Structures are given as C-alpha cells and as structure tokens.
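Two complexes, one shared chain (chain A), two partners (chain B, chain C).
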Partner chain A sequence: MIEHMSTSKTEQKKKRKFLMITAICFILLILTFIFSMNTGANSQSPSEVFQTLIGNGDRQQHLILFEFRLPRIVLSVLVGIGLAVSGCVLQSISRNALAEPGLLGIHAGAGLAILMFVSFVPVGVLNSTYFTPVFALFGALFSSFLVYRFAHKRNEGLLPMRLILTGVAVQAGIQAAMIVLTIHLTPERYETVAYWLAGHIGTTSWDYILALLPWLIIFLPIVYGKVRVLNILHLGDPLAISLGTDLEKERKILIGAAVCLAASSVSVSGSISFVGLIAPHLAKQLIGSRHEYYLPISALLGALLVLLGDTIGRVILAPSEIPAGLVVAVIGAPYFLYLLTKSNV
Partner chain B sequence: MSTLTIEQIAVGYGDSIIIDGLDVTIPENKITTIIGPNGCGKSTLLKTISRLLKAQKGSVYLDGKAIHQLSTKDIAKRMAILPQTTETPSGLTVYELVSYGRFPYQKGFHSMKKEDVEAVQWALEVTGVTDFSDRPVEALSGGQRQRVWIAMALAQETEILVLDEPTTYLDLAHQLDILLLLKSLNEKENRTIVMVLHDLNHASRFSDYLIAMKDGAIVTEGTPNEVMTAENMEAVFDIQAIMTECPLSNHPICLTYQSSKGV
Partner chain C sequence: MSRTKNMTEQDSSQTIKVKTKSKPITGVLVLLIGIIGLIFAIGLSISFGAADIDLMTVWSAVFSFNGDLTSHQIIQEIRLPRVLGAAIIGACFSVAGAIMQGMTRNPLADSGLLGLNAGAAFMVAISLSFFPGLSYQYFLFFSFAGAAMSTIIVFGIGSMSRLGLTPMRLVLAGAAVTALLTSLSQGIAIHFDLEQDLAFWYAGDVSRATWENLEYMFPWVLIAFIGALFLSRSITLLSLGEEIAIGLGQRPTLIKIAGFIVVLILAGIAVSMVGAVSFVGLLIPHLTRFLVGHDYRWIIPNSIVVGSLFMVIADLCARMMNPPNETPIGALIAVIGVPFFLYIARKGGKGL
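The block that comes next holds the complex of A and B.
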C-alpha cells in the first residue's frame, strides 16, 4: 500500500511538472507576442494591443494588428506545432534521434516545386501568393510519396531505417535538380526562391492560416490518439509486436500523419527545417519520452521556437528581415551541439 | 490453458531457409529451454513461436488456433516476449516502462485502471525493482535493466513467457537471480516459460524440458535426464562431454569437455 502511494505520488509529480512546463510555454508565447507587437515599425504597446483587440483601436492600429501582425503570429505558432509534432513522431517510430520531416524529402520536394513554379510559370499567369503554397504542398507530398515507394519492400514492409536512407537519397537527387534549375533563374526570381528555402513567414494572410488549419485539425488528433502506440513503437519492433501492436498499420498511419503535418506547414511557411529536430529533443530533456507529455510539450516548444525565430528575424535588422528558418537554425544549431556533447548518443 | 504447438514450419530470412519442416509441442506450465550450437536455428524457432518471424510454411498454434489468425492484441494478453537485444529508450522511468506492459489491456484515452496499477506494482515487486521504480532506466546496471524488462513482460500478465537468452551479458550471480526468478514464477504462478539459453548447465538445472537443435532441426527433446547425455552432446555440439550430476538439482551437468574432432 505504501509503495502504491509513493508510485502514484511520482506520477502526480510528473503531471505537475507537465502542467508547469505547459504554463511556462504559454507565458513565454504571450510574452513573445507582446514583444513582437511592441517592437519594429508601427509598434503597439501592450495596452494599445489590448484596446485594439477589444475593438477600441484606430483604423491603422486595427489594420496592423489584424492584417499584418496577428496572421503572422498565428501562422508561426501553427507551423511550429505542425513541424514539431511531425518530427516527434518520426523520431519515435524510427528510434533515431536525428530523424526529422526534412529527411523524408518534404522540404526538398516543396522547394523543387516552388522552383519549378518560379522557373516555368510566367509572371502574372498565376497569383503567386495563392499558388506557391499549392505547388509546395504537392511537391512535398509527391517527394515523400516517392521516398515511401522506394523504401517499402513487399516482404519486409516499411522499415524506418530504410525510410530515412531513401529520404536522404531522394533529397540529394532533388537538390541536384534544383541546382540545375537555379542556374537559369534571373537574380530577382532567385531571390523569391532563396527566401522560401530559408523559411520566411513574411508575406502571410488569414488565407494561409485557413489553408493550414484543416490539416492540423485532422491530423493532430489522429497523432494524439496514438500516444500510447507511440510509446510502444519507441521500444523497438520485437517489443512492439510482443505488446500487440499492428506494426505495419500503425506505422503507415503515423508516417502518413507526420508527412501531412510537415508538408502542409512547410507549404505556407517555407523551408523551416530545424524545428522538427530540435523541439522534440528539447521536450525530451524537459519531460522525458512518455508521449502523453512529450508530444504536447514538443508542439508548444515548436510553436515558441518559430514565433521567437520570426519575431527576432523581423526586428533584429529592421527594417530588413531575416527569415525565421535562419534564425531558428542559428539558435538551434549551437544548442543541438551542446546537447550532443552533454548526452552520450 | 495455453498449449503451443508448432506444426511443419518452414522459416528463414529472405531466401535462406533456416528451419524446414519442424514439429514440436511446448509442454504446458513447464520451463522449456532450447539448446544448440550457434546458427542452429534456436533463436529462429523462438522468434517464430513468438510471431516476430512469420513462417513461410506451416503454423504455430495457440490452443489449436493458428497465431497469424488471432488478433495480435489477444496474443499479447497470453504471451509476453523478451527479445535477445533490447535497446533502452531514453527518458523513461522504470515505473513508466513497466507500465507499458499494460498496453494490450488499455483502450482509448483512459489512464491506468486499478488492476493495471496493481499488475505493475506486483511485477515491480517480484522482480525486486520496486526500490528504483522512479529512476531513469538508462541509469540502471545491466542486471537491474534485465529485471526491469522482465517486469514489463510480467505486467503483461500472460500465461506464456518467451525469453531469448535472458542471461546473456550478465555476471554469474545476476544470471542465477534471473533464472531463480523464472523458476519461482513457474512454480508459484504456473507460467509456461520457453527460452533459449547458452549455458547448458543452467538449461539442465532450471528446465523441465529441453529441446536440442542442430542445423535447423530437432536432434532430441525430453527431460534434462534424457537429453543431457554424452551421446547427445556429441551429436548436437560435436563435443566429448564428461557428464556428472548437479548436486543442487540432481539434473545431469557437463563437467568438462573436449572437441570430438580431436585437436
């Protein structure tokens, strides 16, 4: 009986820790939001933001808040969630700490599609604001489908390790094709592509959010419904079978969900690559790898990272902007190296 | 009630067939150990029994039903497996890992029910790991870790336990610990235990039934007294063994041996 008490006590302790980290993440998100509004061109103080939110601001304040800043902030948060959850799932089912959505060819495929759009569609034929995400989405889905087809063997099914190796190969192929295409671009057009590849959330609108939201609404609950399956898959194939998971089926569902989350996110945000890798790592350091806690914390940290990256990128060299993807990489890379030296992975 | 019958299985990896046409019945409520030289197919047989490998021909029957026709979750409630190599997942406490053993019983979003908590408590207790149930699994020694894996398999509450070399990489005392634990589970809880062991004398001392394999086929099977003979050692391992009786279990053991090829 005493042991029972002590165990449920540690369970409660973990739950409290989870709630606390969640609360801190939310506070940091709000602080970043306030900071983001308070700096740069046309800044608004917290009280002005509050007044504008409840409808008391003037027209210019209203315009800036609702048409420029808010969509950008909301999109950053959503993209961060999508990429982080995707990375978290891929790391767990491949049992590989370096797995991330980019390894499935998602970023490369989207990049190639954008490059083809810029190269072959004459200016003004298609509205680039609306069609770039569509192209990127199909590019990402197509390249991850290619990776999947090559990685899948009839007898052995889908082995995560082969998925990653195939992903690396397909990615290399696509990048070679991209270089060939880039050579023929004019500098102005190249700039468009380069910005996209660096992960820039600058030109956004509520339409982008509306385009991304259905994907998250469908696939986040699917993934969250599988937290226990993820726990088991994380133990490796033999034990996952021993505990009664349908390995092939669960893997297909989870990889499919991870691909859709990352592809839809990347299509509206550009190629932000470090988040899917670093947010799950950070979350595991904080709360461990039980997915009931690990997955939501990864999502929150992903949101925080992208929002922070976009905010810093916007204000640090104002009026010019640094793409969020670059900022995240600049923050993320040293931290990642630090993690590697600290752990014995 | 849980009988495991293997009928005419052919199994291998890719195109190379390792076992072709093997029949065996695992005795109920007994400890059965598969012995044999490296590459004889004992792990392959164990993996086939535990559905980690699919037989290309023939089938494994659990109470007369082919295991590939039963739902994998139902099998998980009746048979737990401890694979030969287990990679320790990072970021889990002992309690969390052992509680994963309850997976086959859990549905939907509900957290652990009373019987789940009790099963985990019991598994932690009999394996003697209750004291460090809050510690991260990575921080444990090899012997402790092996106990934790066994605890997870026990939390599954199955009649059958399948273990692939559960004592490998452990020192003498810890090997004994694990085997005594399995023996007491068999005696007190009537668990059917099937395992592969490399140490012949451990196999003889702790098993009720031995299956000796060579080149993908069964050479002989029976009680330790029937199987552990000098002739069988010669036939299975190509060794000239000098046999004696273990004073602890009264089962035959191999005192020492030399190569039949006469080096």
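The block that comes next holds the complex of A and C.
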C-alpha cells in the first residue's frame, strides 16, 4: 500500500516535471518565433508583426510575413519535430545513444536523388519546387532500405552495430556517385544542390508544409501509440522477448516510421543532421527515458533547435544567410564527439 | 571475473598462434610479382593517352630522352610524373592504412573514413576563399594541415575514452568530424561561390602530380616509409594486443606516437596530392594480409608495392573508361571499396 502510494507520488512528480519542461519549451519556442518573425532583411517591430498577423498590416508587411517568414518558421518547427522523433525511435530500438537518421543514409540518399533530378531532368520539364521533395523522399527511402537490407542477416536479425557500419558504407558509396554527377553539372545548376546539401530552409512555401504535414499526421501517432513497446525495447532484447514482444515485427514497424519521418522532413528542408541526435539526448537528460514523456519533449527540443538554427543563420551574417543545417552541425558535431568519449561503444 | 580472465587469456594465446603465421616465401614472391607488375603497369599507363605512344617509345623516352621528339616530351613532362605520383600516392595510402589497422587493431581504419578527406577539403575551401591565388605549394600545405587536424581530432577523441579506439568509435568519430567539416566547407563554399571548385577537389585528381610537387613530397614519403619499416616489428607485436606487446618489452605509447606521426605524414601527403580518395588504405592492407600473413614486416613492404600497383591501374582505368574525359578516381575506387567495407562490417569487424 505504502509502496503503491510512493510510486504514484513519484509518478505525479514526474508528470509535474514533464508539464513544467513542456511549458518552458513552449515559451522558448514562442520567444524564438517572435524574434524570428521580427528579424530579417526587412526588420519589423513586434507590434507591427502582431498587427499584421491579425490582419491590420499593409500589403508589403503581409507579403513578407505570410509568404516568406511564417512558412519558413512553421517548416523549421515541423522538420525539427520529425527529425527529433525519428532520432528518438532509432536510439531506443538500437539501444545505441549515437544512432541518428543521417547515419542510416537518409540524407545521402535524398541528396543523390536531388542531384539526379538536377542532372537528368531538363529544365522546365518538371516543376522543381514540387518534384525535388518527391525525388528526395524516394532517394531517402531507397537508401535506407538498402542499408536495412545489407545490415540484415537471416539468422541474426538486425544488429544495431552492423546497421550503423552499413550506413557509413552506403553513405560513402552514395557520396562517390554524387561526385561523378556533380562534376558534369554547370555551376548554376549545382548551386541548388549545394544549398540543399547544406540544409538551407530558404526557399519555402506553404506547399512544402502541406507536403510534410500528412507524413507527420500519420507517423507521429503511430510512434506515440508504441510508447509501451519502445519502453520495453529500450530495456534490451532478452527482457523484451520474455515480456512477450514480437521483437522483429515491432522493430520493423518502428524503423519504418522513423525512416518515413526523417525522409519526409529532410526532403523539404535539405540535409540537416544532428538534430535527431541532440534533441533526444537533451530530452533524456531532462526527463529520463520514459517514452511517454521523452518523445514529446524531444519533439519540442528538435523544433526549437531547427528554428534557432535557421534564425541564427539568418541573423549572424546578415544580409547573407548561413544554412540552418550548418548552424546545427556546428553545435551538434562537438556534442556528438563529446558523447562519443563518454559512451561504451 | 576469473572466468572471463581465463577466457581472454585463452583467446589471446589462440590468436598468437594464428597471427604469428607469416609466410616469408609468399612475401618475397608477392613482392617480386608486384614489382614486375608495377613496372609493366607503369609502362602501359604511360603509353596510353590522347596521343598514342607505343611501349618502345616509352622505353626510349625514359632511358634515352630526346628533347626534340614531342612524344618524348609528353612522356617526360606529363605522363611520367603522373604515373609516378599515382604509384607513390597509392603506396602512401596503403602503408598509412596498414599502420592504422595494426596499431589500433581496427580492421576498418582508413584515411577517408576517418575524416582526413573532410579535413583537407575544409582547409582547401578556406584557402580558396580567403587566400585566392596562393601558389600551389601553399595550397598543398593547407590541405595537409587540414588532414593533420582531423587526424588529431579523431584519434584524440578515440583515445580519450577508457576503451580505446574500438572500430565503432573510430568510424563514428570519423563520421561526425566529416559531417561537421563538410558542412562548414559547404557553408564557406556557398558564401564565396566556390561550390564546384570544391566538388572538383573532392573528385580526386592524380594529374596534380608534377615533377615539382613530386620533388617536394618525395623526401618526406621516403622518411615515412623507412620509419614504417623500422616500426613494423613493433606494430606486429602491438597488433597482438597491448598487454602482450608490453610483456615482450615494447613501449606501446612510444610506438603509437611514432606510428601516428608516420600515418599523419603519409595520409596527409596523399590526400593533399590527390584529393578525396577513400578505401585504398582499407583495401590494400587487407589484401596483403590475406596474401602474406599477419607479420607487418612483410605487410608493409608488400603494401607499398601492391598499393602502388593498385593506384596506377586505377588511374589507368579512370582515363580509359570514357576518353577523353577522366572518371573521378575517388568514385572508381569506391566501386570496389564500398562492397568490401560492407563485407568487413558484415563479418562484425573480426578477422584482423
């Protein structure tokens, strides 16, 4: 009885902590949002922004906010959520603190697909705004499928370590293929690819958001519905099996969901790595590894990270812009290396 | 506890038995065949090109040079330095890979996978954007510095943990350093409109080897090779495990530092000369180990010969595949390298 009370007490405590962290994340997100709305080539004061948002601004203000800044901000947030949740899932199922969507070849595959689009589809045949994300999505799905196939052994199943090594190998192969295509391109055409590779959320529109939203709407609930499985998988294979989990099946579903989330995010945002690594880690340090809490917090942190990256990139060397992916990598890679020195791989 | 200790002892005694199996006769044989093959491949590579030159002319151009003949001039000024450069670069990559694999007992060690290429590319991007118009020697120096920088970061991070440089850790550190430096150089390139210049550097290009550059790098390479041969016995012992090496009177830290410097010089020079070429340092040592056994006194000299031969053939293929265009040599080697990497990764990193 006493024990029960104490567990429910810690449970309550945890819930309170979760709500508090969520609230703080939201506040930070909103602050960044306001800051991001105000800054840029054409600076506007918060009250002007507010006036425009409720429909009292002039046409130019309206155009800047609704057609340029707002979609960009919303897209950053959505991409951050997608990548962070994908990273969470991958880390939990591989029980490897260093797993990341980029390591599964998702970014490389999408990059190659975009390069192929730019190289082989003549200008004007297909609308590049709409079709590059489609190509990138297929590229990402294809390369992660390749990694999965190569890493999978019939009698041993899917070993996390092999998955990551295979990912590195496939990435190296894809990069070699990209080099061959790159040197045949004209500089102007290559520029699009270069921007994409650097993770530049510059040229965006509401259409991109509409393209990404369905993926998030479908796969986020699937992942969230599996929090119990994730909690069990996180404990280790033997325990998970003894608790009656169909390991292979659940793992496949979850990997599929993680890949779809990351691939769809990357296809609209460009290659942004390390978000799927940092956000889950910070979340775990803040709230622990109960997935009910851990998933939403990492989603929020991911959103915050990408939005901050994009905003910093716009501000720091204005008027020229630094791609968000670069900013995130500069923060993320040292953190990754730090984790590497601590981890037991 | 005691059981695991027992097991490791058993394991290591077993590995000693397996690993000390060296094959001197095969070693000499491979060395001889390799050298003959190398001479033949060099001749073939010189004779192939936009202007067709037969093997006899190649012979006379090298050994009785006549400055009035165009074909002799082409050979002396363009093709000979190029093919010699390819050979030396191949040898550099292979020996560096062999030493890394032996020292860290890591079957996946390779300069490209450890972030050296990205480091060099980063410094190339910096030198192209901030100091345009630098002379070629400085340019080489920059990329060498970049390669050295990333080597130090990757190995530093690897050895900072108590488990040492496990294959996984080395590969991950390399991947992270690559991701960071690549995005930084991508950013610099976008800012200064250099995207494709950098891409060309990445493609790898053997034609940068001119007599001048060769003269520049040759003494260093020679010193490093001698150092590598000098270290080879210690590396063999180190590859059996650190405790065993200590027990046999070796000083692992000293050997590692010396080996690291040799790797730095060789891989740094190779990367700065040829650009981003991966997998040579992975493939060749594995191949020679398969041929001559696990004794590094045989692996290293054989790696020099086999690596040279491999690179000369790769360069020849790159020029032959789609003339007059050259296929990027980095991509060509990756075609063989990626499946091989997958194969080793699938074996679970065993077999060293």
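The rule is simple: the second predicted complex is superposed on the first by the 329 of 345 C-alpha atoms of A that agree within 3 Å, B and C clash if a C-alpha of one lies under 4 Å from a C-alpha of the other, contacts with A are read in each partner's own complex, and residues count from 1 in each chain.
Definition applied: a residue touches a chain if its C-beta (ideal position, glycine included) is under 8 Å from a C-beta of that chain, and two chains touch if they have at least 3 such contacts.
Please read these numbers as outputs of a predicted model, since none were measured by experiment.
In the superposition on chain A, contact of A:His62 is made with neither chain B nor chain C. In the superposed model, A:Arg95 makes contact with chain B only, not with chain C. By the touch criterion defined above, A:Asp246 lies against chain B but remains apart from chain C after alignment on the C-alpha atoms of chain A. Of the two partner chains, chain B is the only one touched by A:Tyr294; chain C is not. In the superposition on chain A, A:His152 makes contact with neither chain B nor chain C. By the touch criterion defined above, A:Lys284 lies against chain B but remains apart from chain C after alignment on the C-alpha atoms of chain A.
When the two complexes are overlaid, the chain among chain B and chain C that reaches more residues of chain A is C. With both structures placed on the common chain, the touch criterion links A:His234 to chain B but leaves chain C unconnected. Residues 345 of chain A lie in contact with chain B in one complex and with chain C in the other. Of all residues in chain A, those touching chain C in their complex are 98, 102-103, 150, 153, 159, 161-162, 164-166, 168-173, 175-177, 179-180, 182-183, 185, 187, 190-191, 194-195, 197-200, 273-274, 317, 320, 322-323, 325-326, 329-330, 332-334, 336-337, 340-345.
For chain C in complex with chain A, the touching residues are 108, 112-113, 153, 157, 160-161, 163, 166-169, 171-173, 175-177, 179-180, 183-184, 186-187, 189-191, 193, 195-196, 199-200, 202-204, 276, 278-279, 327-328, 330-331, 334-335, 337-338, 341-342, 345-346, 348-349.
Residue ranges of chain A in contact with chain B, taken from their complex: 3-4, 7-8, 10-11, 95, 155, 225, 228, 231-232, 234-239, 241-246, 284, 287-290, 294, 345. Interface of chain B with chain A (complex): residues 14, 50-52, 71-77, 79-83, 86-87, 89-93, 95-96, 100-101, 103-104, 106, 109, 117, 120-121, 124-125, 130, 133-134, 136, 152-153, 156.
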